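Reviewing the structure listed below.
Note that the chains are named A, B and C in the order they appear, and that numbering of residues resets to 1 at the start of each chain.
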Amino acid sequence: MLKDEPFSQILAILFASREPVMPGDLLAVFPHLSPEELVGVLTALVQEFNQIQSSLEIRQVAGGYRITTRVEHHEVIREYLKTQPSARLSAAALETLAVIAYRQPITFPEIAEIRGIKGSSTIKTLLEKKLIEIKGRKKVVGRPILYGTTREFLIHFGLNDLSELPTLEEFEELLQS
Amino acid sequence: MTTGADYQVELEIFEGPLDLLLHLIKEQELDIYDIPIAQITDQYLRYLQMMKDLNINIAGEFLVMAATLIFIKSRMLLPVEVVEEGEEGEDPRQDLVSQLLEHEKFKKAASLLHDRQVVALSIWPRGDEEFEEEEKEAVSVNVFDLIRAFHRIVERYQENIVMEVQHEEVSLEQKLTELRSLLMLQREVLFSSFLRKAVSRLHLVITFFALLEMARLGEVRLMQSMAFDDIRIVAC
Amino acid sequence: MLKDEPFSQILAILFASREPVMPGDLLAVFPHLSPEELVGVLTALVQEFNQIQSSLEIRQVAGGYRITTRVEHHEVIREYLKTQPSARLSAAALETLAVIAYRQPITFPEIAEIRGIKGSSTIKTLLEKKLIEIKGRKKVVGRPILYGTTREFLIHFGLNDLSELPTLEEFEELLQS
């Protein structure tokens, strides 16, 4: 099956693209496929590809499809590439990011209020890492800048969309139990 | 004896007053919905004192929280106000409790992101860039990149001006160009700050002539809110 | 076979590496394999991988191994890549765009003066990408063309209007914290 069109072509596209491939963009390239047919093709492709080998994996991330290596090979890859584990975000940065992810679009004073801390250095770090971005200004006095998460955020945390995050209410239940 | 260094390691855990309060509550297994405010306030203040003793700079928000705690404590000591029938008097701790709960929820969310990050950092996208030869140095940009780039240009430009004025020889034409592009960047410049850049009497005089010339041509307006106030050079 | 070690690991390395993978470098990661064994593993891997699907192939280039898409899919890949928005900018184009965004309407000599760099190719790129447009001519000697940003610019950067751009003061606050 993998060797037949359009499977072989879509797999080649998934490989060639560094960004997650959006089904909508594939429809433009395969106009003879209906959206339903395309979803069927993609589902079958993912299943078959992930099954015939155990090095790579097609994942759904940020609303698209992308090929990555499997988690279990990370040590041997790191050893070959001689890379250090990438710098993880600090606890402070993760907390700011969590606040932004759940309350976006949100201004800096609002973030500071929730975290009980001033200091915007984490905002700068997150902007530089492109995990958050400027989303305009809030229509209140002073017109403060609004921040929100990016597509890069979804990719970085392996999320298909924001709804994959548990809701804050779920965290609340966790606290009460 | 415990050394200062030992404390410092522990002190760094608390990023803000909410973190510290949550720690005190958890450590003693207190009920977050019924915080013994007098006890917590004491511990909190002792902690701040400890930081002070160790010459650690206490961030303003820690002091604000101290004031809040003392205020709540005093309110708790007052007799419960007579309230309308069927209504319950508001617990003075209520705001603090909801703030703590909110903070705790986000801490949980942050730890979830942390876990996901561990997985995400263990997978690799394709390394080779077969199809991206044409735009290899190109990157996708957002608003932050834009302002960062502009900031860098302004910095670089101002450095260049400083370097240029260090040359002794200067012409009116040069000064005009310099002032024009400075105004393009800033739209408004204080007369005093512009003159400060002049390294010699000659520079000073030529700068002054350049300004007058630009005012004459209607390129700038020279404004002053009151006598002896600094003159603002505003681009037209 | 592909699913077993070290095949699965080597395939993951081939995928993740930016450069062709040299057998000598692999030996460092798999010290229990002799050079002869490694060559055997690689040969079998290439044969098996190239046989089970028809999208990708492992090729020997410059003494190393790399995975590439097969030539027959290049047309469909190019077609797909065409659907991708090309808001990717070089550092030079970004600088020019930043000057135009913050100081529009502005002429080319003014941009060159501020940037301290001549060369107008970035203007052309930005015009082509429809991020900037001609806004008229400046009423000075030579009547140079005035440039400004477009509606597409606002859409791309997710802004409602230009006043939503952060100011230099706001950026400096971020830096100082």
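In this section, contacts are C-beta pairs under 8 Å (C-beta built on N, C-alpha and C of every residue); 3 or more make two chains touch, one makes a residue touch a chain.
Please read all numbers here as calculations on a predicted model, not as lab measurements.
Put simply, the chain farthest from chain C by mean CA position is B. Distance from per-chain Cα centroids to the pooled protein Cα centroid is smallest for A. Spacing of chain B relative to chain C, judged by their CA centroids, is 32 angstrom. Here the spacing of chain A and chain C, counted between their Cα centres, is 18 Å. Averaged C-alpha coordinates give centres for chain A and chain B that are 28 Å from one another. Within chain C, residues 12, 15-17, 67, 69, 77, 81, 158-159, 166, 170 each touch two or more of the remaining chains. The residues of chain B that reach two or more other chains are 124-127, 129-131, 142-144, listed in rising order. The part of chain B that touches chain A in the complex is made up of residues 15-19, 59-61, 65, 99, 101-114, 116-127, 129-132, 142-144. For chain C in complex with chain B, the residues that touch the partner chain are 12, 15-19, 66-69, 77-78, 81, 86-91, 93-95, 97-99, 101-103, 106, 110, 113-116, 157-159, 165-166, 168, 170-172. Every residue of chain C that touches chain A in the complex is listed here, in rising order: 2-3, 7-9, 11-13, 15-17, 21, 25-26, 28-29, 49, 52-56, 67, 69-70, 73, 76-77, 79-81, 83-84, 158-160, 163-164, 166, 170, 173-175, 177. Partner chain C is touched in their complex by these residues of chain B: 124-131, 135, 137-154, 156-157, 160, 177, 181, 184-185.
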